[in-house]
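Both complexes shown next keep subunit A, but they swap its partner, so subunit B is in the first and subunit C is in the second.
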Partner chain A sequence: MSTGTTKLDVVVSDVVPVNELVTRFHFRRRDGELLPTFSGGAHVVVEMRDGERTRLNPYSLMGSPLDTREYTISVRRDDVGRGGSLFMHRSVKPGLEMVISYPVNLFSLDLRAKKHLMLAGGIGITPFMAQTAQLAGEGGNFELHYTCRTASLGTYADVLRERYDRRIRLYHDDREERIDLDRLLSTQPLGTHLYVCGPAGMINWVRDRAASLGWPSEAVHFEHFAAPQPGLPFDVTLAVSGKTIRVGEQQSLLEAIEAAGVDPPYLCRGGVCGQCETNVISHDGKFIHNDHWLSEEEHRSGKKIMPCVSRFEGKSLVLER
Partner chain B sequence: MAAKTIISRPIYGTLSPQPGKHHLFLADADGALAIVDMAKTAPAGFFDGAEIVFIPGPDGKHVGALEALKPAQFHQAPSFASLLPRLKQTLTNAHMGLRLYLAGTEGLIGQAMQVALEAGIDHTSMQTEHRGSLARRMQCVHCKGITENVTTQPATCSHCGLLLLVRDHYSRRLAAFQGVCINAEDRSEIPPIEEAFP
Partner chain C sequence: MGITFRKETFRDDFTFKNSPEHISRFPFPFHEDAYMYAVNIEPHVVGPKGSVLENLIDVDEHYVAEMQDRALVLAEDPLRCQSLPHMTLAGWDLLELLMEQQALGYPEHFTLTRDGDRWRWINRPLGIDDTFTFGDTSTLPYGPMEYITRQSQGDFCILDQRDGNLWMDAGMVTTQADWSLDFDIGMNFFEWHAPVPLAHEKGIFTRALKFLTNIQQGKPARRLNWTMTINPRLDTSPENYHKWGPDRTTVTPENVGDKVHLRVELQSFWRLPRSNGIVFPIRCYLIKMDELVTQPKWARRLHRVIRDLPEELATYKGLTRFRPTLVEWLSKLDDGSVTSPGFGPD
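After this line comes the complex of A and B, so read on.
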């Protein structure tokens, strides 16, 4: 059960290959009405019905929040992932009827900021597509620094440059172009807020440097949807519902709980929002925590787990679910 | 130490050295002692990147103790109003990496916070420590006039003369507690006036 989110019945109105890895999908409501309003940084959870299996993956909305006739997401193909992106790339065609969640924003702009400094890495550009459109519409002060592997993989770099010109700075890995991060962070006017979306390593680096250079945590915003990692199968006892389930190699713990007919709360399915936080009653083995929600202390305590992205290896695990 | 009563009533912490490139301290009277205490745990060279702006109390104490910390800049002012242009200028020209430390009376902390909020610093990222008088800055909700250094409960509005109940309801935007007429039904009813915020 997704907390506080109603489902939207949509139809795929367009599928546009963007480059060799990324494809864009457009959704419209089946009843022809406008979609719900959203703000830059919001995501939707897309239900992918793939035969017997249903995957629920979150994707940032990348269209302008000023236009709710359609929602657009961009999906990067991950050939070694759990198959969600491959399903989107191979099986989703214009005209397909799909179900998506209402938009939820866990990465919103702080509109009190005097300036918005955005750092994107790779496909982490997508929430910034919506945020820049929102800010540009309001005359907001922003600057976007975008790192991509090569110019041809710089998804939407051309669009952004065309729209916002010098407010967009590009860095190409293959040309050895690197952000001078310390200098960038040290020269921002007071009242700047920092937003970072990209690979985990980039987010950790930026957060760490910002903290060292005196950026208060209130001014540093980040989003990283940890895709659930595959792993060894394990057995779990759900004490409240009285069930024992097996979590498959390619399945997340949350998906296995849902497949057993238990309906726990969730929102982001990426280890960020905290909705699916679950108490551990007992365990004999080790946790593989992959979330960004619990503190390190909570990870060590062995008393909580985020079933959307985290796994377990060992003899037994009993959850209060 | 101010106790938490309702959610808007500010609570203050204990100054601690933060990571940062520049450190701006504002203190009045006994607030200087909070800086001196914090300095004991500050890393070496911490005050090389620090500016201290100080409003001494009527007794003029603690100036020497602050100068002894050897901050990069030390500035004294006779009142908050007199240091306001300098504070605004400093914040206008500042970069991210500047950390703000406020110590002393609630009036000083609140008014400095008001200016810093406008400059874009989130109130939870400012270091604050309450020292000295509990006297309150109060806004009369009726005439909107501000009365400084309110120590009694109830208190008379220095603008419209109404007798006001000084609430814990605080406005960060106004840097003032709210004062509401205590005898609106019958102005001749005068409750006992007690020293509440010494």
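After this line comes the complex of A and C, so read on.
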């Protein structure tokens, strides 16, 4: 059976510029009913119909899980990406009808934690907006450390400070403020769980330091959706459906497979959930793996690829799709 | 209209019975003349009218009697209901799910009204009319999971999802086929399935776990499981083995039809929205052989399934002692003719 999610028909109820890079979008159900309840850390996949092209990008829900009248997401404009964020910024206006997925949570709070220690970098703040709202409603113990480039790019820093006061610590790159990570990680009470969301470099740094300082891996949680990267076009043969397709420069392999009328299952479209894992039948060339799902050994084996974020350069690639 | 609830017992004098309409809606679990494990999971969507799938949470004529039996089990052994401290939110998720589904499917028996977090729940068959604050445990007589599962047929396991695994961290288990919540509480998916023969080697649990951890909100799934029970006893727990284990020695050719019951579990799997946990309702249906064989196709097929069942499975399901007697009794109802494919009676 397909493991995709149910879809929701929504209308854009508001579009709010937050700062020079980030815009917030509000969605309500078209039929006026309440949206499904969700848990802090959940994302939805937003379908963007851009002329002939359809993009499907995941965004964390950032409203309070207690408020299901509307969902909110925040989108950071990426001028050199594949165009999804530019489409959202330029073409999505209040009143536009869109389709989003049911919420999926791949970055769930561990509710056993005595304390939740959260580390955010840049737009990685969004899942923590929902998680802090959820924990505050239940009287949960949390502390959030948030790194941003400048005060004016500190998306929602003011809102968080107002809501949670001293539970929020801010660090500004332009003032050369840095988290004293080793000290922070060495002074937590037993039963603390660590959550990190931000750029890949930050996630790797935090995970490495946590491991060196003896944190058990099951107490360290991270979310990093790899955005599909643009790259050279390449040709692929889909052996099961008997099709040959070309993956465009700005297209992901998964999008090209879907454009050919083949629908592999997916949930996150960011190399995390494992749903679209695809067997390689043969290849002559090199893989550009960008996912967090396959092991390094699987990456080296040349037998599997995650088409949502990974690409290929070479003469031929045959997939079991 | 509405359901006429039977007055009956699942212990002592064992007055449990299925009405004729209930026999034909019994979820017969064999789609062919043989049985082997498979990852037989399918989407839990509404099925035909008059079947147990007419509503996603089924309420039937045994509801009131089953809830009375559950109360008796809990009075003797409160550890049949446990919820680890981090599972309270999941308990509220389950309360919402069961109230919504029961009110949706059986409006003549159940009513849920909500005004923000002020909820009113009316359960007419059990004479309950409570108003409470959703999320505030102090406004209910029990914790949210215990409160609602004292009013819902079937056992319920709530599984926490973390570290790529599922953990049995809460549950209400009083109608089980010889397993113990008190023993399994806190275990992960592989640990609590450790006693099952053959399936580990076939990689069934690895695949099943992968599927279950990806269950999505609004897309529940289901499967059927089965065993056999002597006398219509809901509580066949390890804790009470001394009460029901010896029943297996009491089967004779004369009493097979009345004593031997096919026990089918309709297991479903639902993603819980607030806690991101999974709830696993295990709904038990019993049917005595005399009732089952009123459907000739089921009689023929059950004979072939039980006769040809691999020895390990017969042992695991606890059939060894009475299998020859049962097979002999069923063989008289099997004329060897072909049975049609699928579950339903002809």
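Going forward, the second predicted complex is superposed on the first by the 318 of 321 C-alpha atoms of A that agree within 3 Å, B and C clash if a C-alpha of one lies under 4 Å from a C-alpha of the other, contacts with A are read in each partner's own complex, and residues count from 1 in each chain.
Note that a contact is a pair of C-beta atoms (placed from the backbone, for glycine too) under 8 Å apart; a residue touches a chain by one contact, two chains touch by 3 or more.
Here the structure is a predicted model, which is why all the values come from computation and not from measurement.
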Overlay on subunit A: subunit C relative to subunit B, clash or fit: clash
Contacts of A:S186 with subunit B and subunit C, given as first, second, both or neither: first
Touching partner for A:V159 - first (subunit B), second (subunit C), both, neither: neither
Which superposed partner A:E138 touches (first subunit B, second subunit C, both, neither): second
First, second, both or neither for A:A211, with subunit B first and subunit C second: first
First (subunit B), second (subunit C), both or neither touched by A:L111: second
Subunit B/subunit C common contact set on subunit A: 112, 218
Touch list for subunit B against partner subunit A, complex: 18-22, 91-92, 94-99, 119-122, 124-125
Residues of subunit A that touch subunit B when the two form their complex: 112-114, 185-192, 194, 211-219
Residues on subunit A engaged by subunit C in the complex (per definition of touch): 1, 3-6, 36-39, 41-42, 65, 102-105, 108-112, 134, 138, 218, 267, 273-275
Residue ranges of subunit C touching subunit A (in the complex, touch as defined): 41-43, 84-87, 89, 160-163, 210-211, 214, 216-219, 221, 273-276
